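Below is one structure, written out as structure tokens, with a few remarks after it.
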Amino acid sequence: MPKKNNYYYILIKRRLETLKEYLYLLKQNKLTFAALMIILFLIIIAIIAPIIVPFPSHIYGAVNPQDKLLSPSWTYLFGTDEMGRDLFSRVLYGTRISLLGSLIAVTMGLLLGVPLGLIAGFYGGFIDEFIMRIVDMFLSFPPLLLAMAIAAFLGPSLQNAIIALIISWWPWYTRLIRGQVVSIKEREFVRAAHAIGTPYWQIMFKHILPNCISPVIVQASLDLGGIILTLAALSFLGLGAQAPTPEWGLIINTSRTYFIKAWWYGIFPGMAIFTAVLCFNLLGDGLREVLDPKSKKY
Amino acid sequence: MLSFIIRRLLLGILTIFGVILITFILVRVVPSDPAAQWVGGRATPQQVAAAREELGLDKPVYVQFERYIRDLLKGNLGYSLMTHQPVVEELKKRFPATLELVFISCIIAILIGIPLGLISAKDKNSWTDHFSRFFSIGAISIPTFWLALVLQLIFFMFLGLLPSGGQLSMRIKLFQNVPHITGFIFLDSLITGNFAILKDFLKHLILPAICVGAYTIGLVARMTRSALLEILSEDYIKAARSYGLPERLILYSYALKNSLGPTITAVTLAMGYALMNTFLVESVFSWPGIGKYIADAVVCLDYPAIMGVTIFAACAYILLNLIADIIISLDPRVKL
Amino acid sequence: MSNYFDIKDLKINFETSEGIKNVININKLNLYKGETFGIVGESGSGKSVLAMSILRILPSPPAFIESGEIIFKEQNLLSLKEKEIQKIRGKGISMIFQDPMSTLNPVFTVGQQIMNVVRHNKHLNKKGAEKEALRMIKLVKLPDAKNTLYKYPNELSGGQRQRIIIAIALSCGAELLIADEPTRNLDVTIQAGILKLIDELKKELGITILFIANNVNIVFIVSDRVAVLYKGKIIEVGTSQEIKREPIHPYTRRLLGITPVDREISNLIDADFKKEISSDDFACSYFCKCEKRMEICKKNSPTLTRISNTHWVNCHRAINREVDNESSSISH
């Protein structure tokens, strides 16, 4: 039916326009825009890493004892480690691990936390109390501690570290969304939808969720950086990635033993972490400025 | 007021119970056998079985849980597999060092972070604002453990200005009588007036304190800035300006008092993060606190130690939040 | 013409995401000493912007005062430095706002808030300030003044808070009071009380009042003279009797409920709402909603036409004095 096509067409056009508006606003803040570009750059590196690394065999296994602990040179841009592996290749490949790991952790955290928050806020009463008590239990641990304990007890490995992070992070989203839902729930349009007989799940996901998603988007992009940091911290302690995985935190940890002989060893992975996290933080901050309800009247 | 405190305390106890529950579940998840761990790698099956019985691992789960809680109430956190000493003793021995580090880092954070946030909010979009925002975001993006290594590199290896680790140098430890009144070197040396020790201690303290404090400075600065920005856009500030009150008075008297609540929240959160940062930083600087303890425990999978530190840190954090909540409730706006 | 309070050629612009929008464009506005001057306009007409610009408390991005003068007692307020305008705020000109709850600082007692202002503006010590605060609370007819001093804003009712705000505003001897929708958030009966109070204080203290509101009835009851503000421009000004008796501008007539909303007008309103035509394309900013629009209104800006010594209208229709034969008095 021509009329229906028209409706969806207009809807998509309007969504694209809103997106263009947001991008325009984002571009205005040069710092945020630069951060976004760097992140895209990092994503591209992560994707094509296996192709562009100068020494693909050095990423995991091959031992090259005669070239061990060399300082940075034109062949080995970041130097080599104690097994003669090119640090540049390893750090480059580490982008993949950190970004992917962070993406998985945040996505799963959202998939777990957001629906729970919606349900808790929407239904209220006992369900709300129950879910929020559990959330409080989890949130009463200082950040990182719970992840440490879980990773320690599950057995140190990269997968377990990511699982530990998912378990530690989902409560933040639940609490964030629940607070929003509780205040939106009382608004007229929700009552109107209710009065027409819209099914509950539709009210939750199509009416309420779009209105409270922006703080979650901001938090998620900040968390993408935060989880890269925490993942690296876990690996640094020995709870995350294990040798020979070229995870940034792990490389820094290994560098401690060769601190005196090869001082450059741990510098580069750390810079990589710093750059990535900084850009995600700048992006999240910029998003917060753009997405903030601009209803402040003078 | 009193009823609020009691209610909050009960809630705190409930939360602690939840923490204990979670930690208990964690312990059950362990893939390896704690009994075998306890007796070491070369034990015979009989020794492992005997250890299992001794540790009570052959009893059903709810009995174990009951025993676990009773032990906790008695203050028994089990025995550290590394040192075979009671975990509680190890914690008692090492906690003062960490506390000193966290405390001094937080003071730095408050002294630098709050003014930074203040200036930022006051002169929004000026050069000082952009600079301090960049600085704060940088501070929370830097990996603490990496910062530790970098600082060590610069100040110890290249410049030779500061020591690489420990709380006091060998020279002092061997030739001086380190006083032990409160257990806190900073206070003890101040009390006894032993400035040589104090100076030495401070030299050792600087780098770890900066590392632990970096994240917290950024955090506090950012939270102070956003709280103040929100307050400064409120109507009562506009009204105060219209009455002819000068900006300075408005900022330092009005706006600051209104920002007390969010600031306390920020500082509490900062202390939590500071504690976590000590876990990462102490082993780099060989600082003899619980951070180093748990870092070592993690490497050799000393589960009782990990468990002990987790419960301890969680309880400390809960207590901290409780105190913060009580202070915030003193705000006249909060209707109890 | 008065030299007490004059606004000349005031243009204020706003920076928005869609470019620069002109928010205030006022040629001439005069206040006489001792009168109550009302400004009536709908939401978005620029009333609050005008009020805040007088005391220079407009947030400067995004608002920019492009040009103009605001002359108070022979001083151009817009050219004063920050320190100098601070001397005028609270002491020469004072302001009261729309929402009494958000205008009071929640963490100070109301007594402290009055005392803070008095101590700074009048350089009194603590004891003197307390006495002044008590005097002001009694002046705004609040009972039990001594205990009210120690109350927090959330312990008072809406009407009581608004009285405190008036007390603070008048505590330092202001001669001109700008009242920006002071009764909007109050119940009708409380409204009456506050308006009565403002009137009594005006007589007692001899102050001049600039009363801004979007409630037409209130403005006409309270004010000696009224100006109608539409999209930042004054489209009609005169004494309240004159305008009530003979409103000329189509917008004023619609505001006063004289023009019945018939099909033609409701079509206009719909068209404007759907933004099928934009008012920026035409010389007269009211063109899109005006049922009496003419060809000349598209290209030529309307000029200020004199109806009487005190009554001026900004409309092409006024030149020909085309007034409908319908009854032109309000049937209240």
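Per-chain numbering from 1; labels A, B and C assigned in written order.
Quick note on the criterion: a residue touches a chain if its C-beta (ideal position, glycine included) is under 8 Å from a C-beta of that chain, and two chains touch if they have at least 3 such contacts.
For clarity, every value in this text was computed on a predicted model and none was experimentally measured.
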In terms of CA centres, which chain lies closest to the overall middle?
A
Tell me, please, which chain's centre (mean of its C-alpha atoms) is farthest from the centre of chain B?
C
Mind checking the centre-to-centre distance between chain A and chain B? Centres are C-alpha means, answer in whole Å.
24
Calculate how many whole Å lie between the centre of chain B and the centre of chain C, each centre taken as the average of the chain's C-alpha atoms.
54
List the centre-to-centre spacing of chain A and chain C in whole Å, with centres computed as mean CA coordinates.
50
For chain C, which residues are shared contacts with two or more other chains?
52
If we count contacts the way the header does, which residues on chain C are in touch with chain B in the complex?
52, 55, 57, 61, 86-91, 94-95, 97, 99, 102-108, 116-117, 120-121, 152, 154, 165, 168-169, 172
In their complex, what parts of chain A are in touch with chain B?
31, 133-134, 136-138, 140-146, 148-150, 152-156, 225, 229, 232-233, 236-239, 249, 252-253, 255-256, 259-260, 263, 266-267, 269-270, 273-274, 277-278, 281-282, 285, 296
Complex contacts: residues of chain B adjacent to chain C:
125, 234-236, 238-246, 249, 253-254, 257-258, 260, 331-333, 335
Over in the complex, which chain B residues touch chain A? Could you list them?
14-16, 18-19, 21-23, 26-27, 29-32, 134, 137-138, 140-147, 149-150, 152-153, 157, 233, 272-273, 275-276, 279-280, 284, 294-295, 298-299, 301, 303, 306-307, 310, 313-314, 317-318, 321
